[in-house]
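Both complexes shown next keep chain A, but they swap its partner, so chain B is in the first and chain C is in the second.
Right, the complex of A and B next:
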């Protein structure tokens, strides 16, 4: 079922650009004038610059205004090489990309630590520096006059003709767009989209937010470096005036025009921005005013306009269908989890306070593989805080946390996730704009890795993991009963379905420890039964299950051990049979004054409200 | 030497004022107003128009600059901020506003710098052994006064406390009855008013130049980063640090280096003190 829709999705997105690419390659042969060839080349450079920005802005959610600086880096490196005897255009491109990466990473790291406007400003600052740097190294750059004396490029010793140069530029653009397309349609693309919408979710899936953002930003520098090297060979002249603030703004405008979260949109944006200003001279005079209005309108639409409307329509359609099909959704009843290599989780003496509020005090508990360990207690008793400390979202004030023999209280959340910890959230965190199957796929990021290079170049390793991914996702969707929704937009699903989806995402990573945070709330009876069955199977497969739950009956039926939290302390621990009759639990958690009425209270308390 | 210190303090004060503008808006609405430096530039251009073109009295020019920029900032909030809730899209729209103001200013007044007359005297005086213009003293004093008043307001008035509450936790403030939207609008408009009123004060030093905004935006941002985002005294000190770094490198190295040095300072601060010298760290919540 996924194969057909996958095919429908991939055929048009990849054939049409290919046809266009072939036509563009042949244009000079078909009699395109030299002036127009030059326009194609300039569009090509702009496409590379815009595409790099799209990777960081559209996919990683970080605005980088420094593309002109990276472009300048590439251009000056190639210019220097061309003027000093290294004329091979491939060597120049490689060197330019190397230099672009160095500049991108060095200036990206500080800005990315704080993200958003810090990166925007540090990268914008780079553009201001271009003339200064050119002046500081006048011998290499030619200062404000510009670098001259760049020899004609060669290709393995042969002089590059005009058409040869045209071909190199167009092929570079095509190769980059293919690379970009492969990257964003791979699991890395999903990781980027997950991270952009919820950094917390991303790190709980084992994705290092900082590293991923840096990677997207640094990769975005690559096409800019390539464009720079190519640009130096256009007129054999490079001067600081080319790499201006105005260029930064027009790159951004092109990105917004073509759609920042798209691969081929860069081409469309670049065409409009390249050809638009040449339409009339009055336009050139008012270009900044026009760009300003464009960015305001585009930014508003980027946030909630066009795609927002489409989403709403989509949602309406999908929810209707989802409701219609839910009744028919036949979840697999016969299934088995492969044995899970469960790890023992030990929490020892953990305390945490927020300001003057002591959220947790000296918590000690163990969770064994092949068992369900439940954590119950009234709202605000510290259950979720404890989960967040286990996940590495909060730092402990005191005490240790140990997963399978590894101390984790000082590790960061994505590192802990990579040890085999998976979780669900009290409020399901399902990114918008991705399908159910892709949500589950995002859970596969940690257990089996594929490098960016093998994903973008579609190396054998990628295909191998891709096949595993598909099989595992299909299997887990079948188990939780969501197979029929695989291609639906995930964020439009009803609450109960989203909870099941979160569980599927957690299970698909073959977790050693799984944390379920109030997974049963909002589920209907069938879904609760399904959840209970699933938890039982995970336990039987040897997984370590931590269950935070208000549904007392569910807890009693599933748990091997129950810990009761109240006001940040464990007030009771024991088997369900012990807890059911523990007087403190009855008074503090269930709010029963008369202990004798306990049994009746338990019967009544199925909704899990903590009174 | 003292002359150099005076000029460093003056230019530093301008950066501190930019940082203050960023801070007012950031504290109240969590938005980084990329266009704040453009608002200040607009104030300077309106001053030029009022004093040189229309030959209006200085008081009228103050009121006019304040009022116009007040309105522009309020419109910016309504059109480019309130309609957008995603942080990176807000960055795009504020960059758009900045570009629009840059373009409009160039269209109306042309690309070459225009000199704005002094509203007091242009006779240099000698103070603590350094030569300084009265206007420079006014800029420095104004900066301290503005920051001091804002600090008082933020601690002593309900509006100030409400703004701090929003900065701390937007949703909690909302639940406590703080009108988050009106305050955000108010903060933008107020920052615009401030930017406009400062036009006649900083204009003689900065000139009415279309390239003014980009430079002071970036330097003001470095001041903000040094002082810590959201810290008023931090922005003040940050501004002076940048001012001194710029003037001293320009004097003792050459004019190609100030940008580079200030950029290096920015990178170092972001790397080793990402919350600035006065900022607070906060734990991430799920």
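Right, the complex of A and C next:
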């Protein structure tokens, strides 16, 4: 029987917001009083402010308190224009957005460069500066008295009526929320969430952490600028008192109450913060206490705000997830990779020390396309350090690294990733709160790009890449045998499955060079077999594979060349057949005790290193 | 099958008909197993079989929805995780759960404090850990975050050993360790069990685990599919049959496996 939940599932997710939007647009026609219309408008302004904060706090993970300053910028720009003859509301909005972006970028660059809490601090001081700045330009802003004489807004020459103004505000909110929704459901939204949880992972996927954070923060200034321009036309009066620190706190409270990592949570938070205070009579005196209580309640009881609760309920009662038993036999056995344009990797004379500890000394090795180059060695011999230098996480002290003819030792990690380098991590890095399919999708960031504008506005380019993304993700999930887990939360999977997922994420970018850091560790025998099959296919497709691995059998069966590291130096290089019988490998790495007589002499001078 | 009827005073851990999982997702349906002092019980099985979930439930990190966990004859299934540690049950989780910003020595100290080991006895215990893992002895003051992955794994195991637990549970301790270190680790486990510790070992390196185990339990999809003394599994074909059922190995990775087919 078709239950209610089955029917609900087939309804597109934007249906409810769309219905709400239409109702809000029609409210004045349905007889909403002027006082209540004003409340709707104020909720609209607050929604814009909160939503902008959500982008930087909830998605990019950067706390910014400067929304009132941006709001003020927009308001004063519109007020100045309105008082000096430019009354068209669209022009005012455009100018306010421009000014907001400038302020956002100018404060964002130093704030983000300094890292940690400095963005919160710089934006906080920005709010404190508002009255002072207003005082510096009394002619334009009216100083402490406020800007007056703002002419009634026009729209292409026509006077904007009360309902017209109401419509402009509501449509601005709707348009912004649609923009925001499109942005965060696109690959950019996933990139933001990946970056928030693991900047290291983000940069290894080709995402520039600084640029992306700046973009999120600056984009978050846009709705605040719009809100400012709209606000200036509400009472035709703008005074510095509006843009107080209390406003900053109430924006933050609304964001947290509604759910910072959500689109429509901003509306919920704004409604609570706008209407909540008007319920209490003695509110004016106790505003900060009230906000404080709401913040604590929100922070403690609602980890993801009201919208998080709604989401949970939706998942629990409507989306009934099928928990398939993890049947590895379901993985595709017949598959092939499109030819990979493998690049030669050359490491030449690379050295690195941390403090006084020489981690790597004069490493020389080449990895050829269409081959598997393995690195083995005892724990702490420098294998992962070498991988981290190839990826650009560490700088070399000496020597060069070359990928396909490009010197990379001075490039940043996201730039190297964009040259076609993909990797997995020794402890899989799988962000929380995103699905298996989305994890794989995050690997598609680098090979094919879509601008934020075309993602948020759903331009043709977006749909084209979106189709590629879906096809590629589905194909790779099928290859690694994770198709039936595509919609599961990725961070709750067992270790072995997380490893396969990391490999899928690396492979989906069609890498020219792929670095696998102990990918077989924690895999069961089926999974090791599948991994070997995969690596073999990647090699046959022409990819350059670097394999750091402790599973000696796997290494012997797959590698074309094996390099053995010990204490930061390459002590042996050769084919599997050579390495298998190398006495130093047998004693120091494998811990074989009774090596043949031929090895006895060598064993004698490596006393103590193995028992 | 389990010989649950046989009474045993010396039983250290007895898990009966355990069912557990995450939230409403059940990962372990019905598992019974025992660990005696002086013995090592190995839990094997494919990934996703419920091995980690089982260990987490025994350690008190997952809620038990059915069945019982008896430790030293007393039902601990409603005891909080830290109280179980206090009673001598220690779990080494997979994925290097260590304090990355503290030194090796401080990490080990913390392992000892959890059982209220006195400060005076610490140096002696530290020496023992450094004997077991010389690589750590050379790096006592080094911040753990700077160690290699394998060395961090050693710290995690060392932490648990500092508490001198009666029951030591290890979730894939060989992960990220070089073959020679794995051999050493297994030798250490044998020494520990001879000293009286009961050990529950989840391991993917099947042959290494069976070599040191007294008893082997194989899980599949949250249920016990094989429960036998390790001595009966010297012939690995029995195990492979249970382990993989009809699924055939492919790809020719595991040379020995293909040879035996």
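Operating definition for what follows: the second predicted complex is superposed on the first by the 549 of 611 C-alpha atoms of A that agree within 3 Å, B and C clash if a C-alpha of one lies under 4 Å from a C-alpha of the other, contacts with A are read in each partner's own complex, and residues count from 1 in each chain.
The rule is simple: contacts are C-beta pairs under 8 Å (C-beta built on N, C-alpha and C of every residue); 3 or more make two chains touch, one makes a residue touch a chain.
In this text the structure is predicted, and so the values were computed from the model without any measurement.
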Following the overlay on chain A, give me a clash-or-fit verdict for chain B and chain C.
clash
Per the contact definition in the header, classify A:117: touching chain B only (first), chain C only (second), both, or neither.
first
Is A:69 in contact with chain B, with chain C, with both, or with neither (first, second, both, neither)?
neither
On the A-aligned overlay, A:55 touches which partner chain: chain B = first, chain C = second, or both, or neither?
neither
On the A-aligned overlay, A:570 touches which partner chain: chain B = first, chain C = second, or both, or neither?
neither
Could you tell me if A:550 is touching chain B, chain C, both of them or neither one (first, second, both, neither)?
second
In the overlaid three-chain picture, which partner chain does A:490 touch, first (chain B) or second (chain C), both, or neither?
neither
Report for A:135: first if it touches chain B alone, second if chain C alone, otherwise both or neither.
first
Per the contact definition in the header, classify A:379: touching chain B only (first), chain C only (second), both, or neither.
second
I'd like to check the shared interface: which positions of chain A are touched by both chain B and chain C across the two complexes?
354, 384
Can you list the chain A residues touching chain C in their complex?
323, 325-326, 328-329, 333, 354, 376-381, 383-385, 426-427, 492, 494-497, 518, 521-530, 532-533, 536, 550, 552-554, 556-558, 588-591, 610-611
In the complex, chain C touches chain A at residues 22, 25, 45-48, 52, 94-96, 135, 146-151, 153-154, 172, 175-184, 204, 206, 221, 243-244, 247, 249-257
Residues on chain B engaged by chain A in the complex (per definition of touch):
32, 34, 79-80, 83-93, 95-104, 106-107, 214-215, 218, 221, 225, 229, 256-257, 259-260, 263, 266-268, 270-271, 274, 283-286
Contact footprint of chain B on chain A as seen in their complex:
57, 61-63, 65, 107, 109-111, 113-114, 116-118, 120-122, 124-126, 128-129, 132-133, 135-136, 200, 245, 249, 252, 256, 285-300, 302-304, 354, 384, 388, 393-395, 425
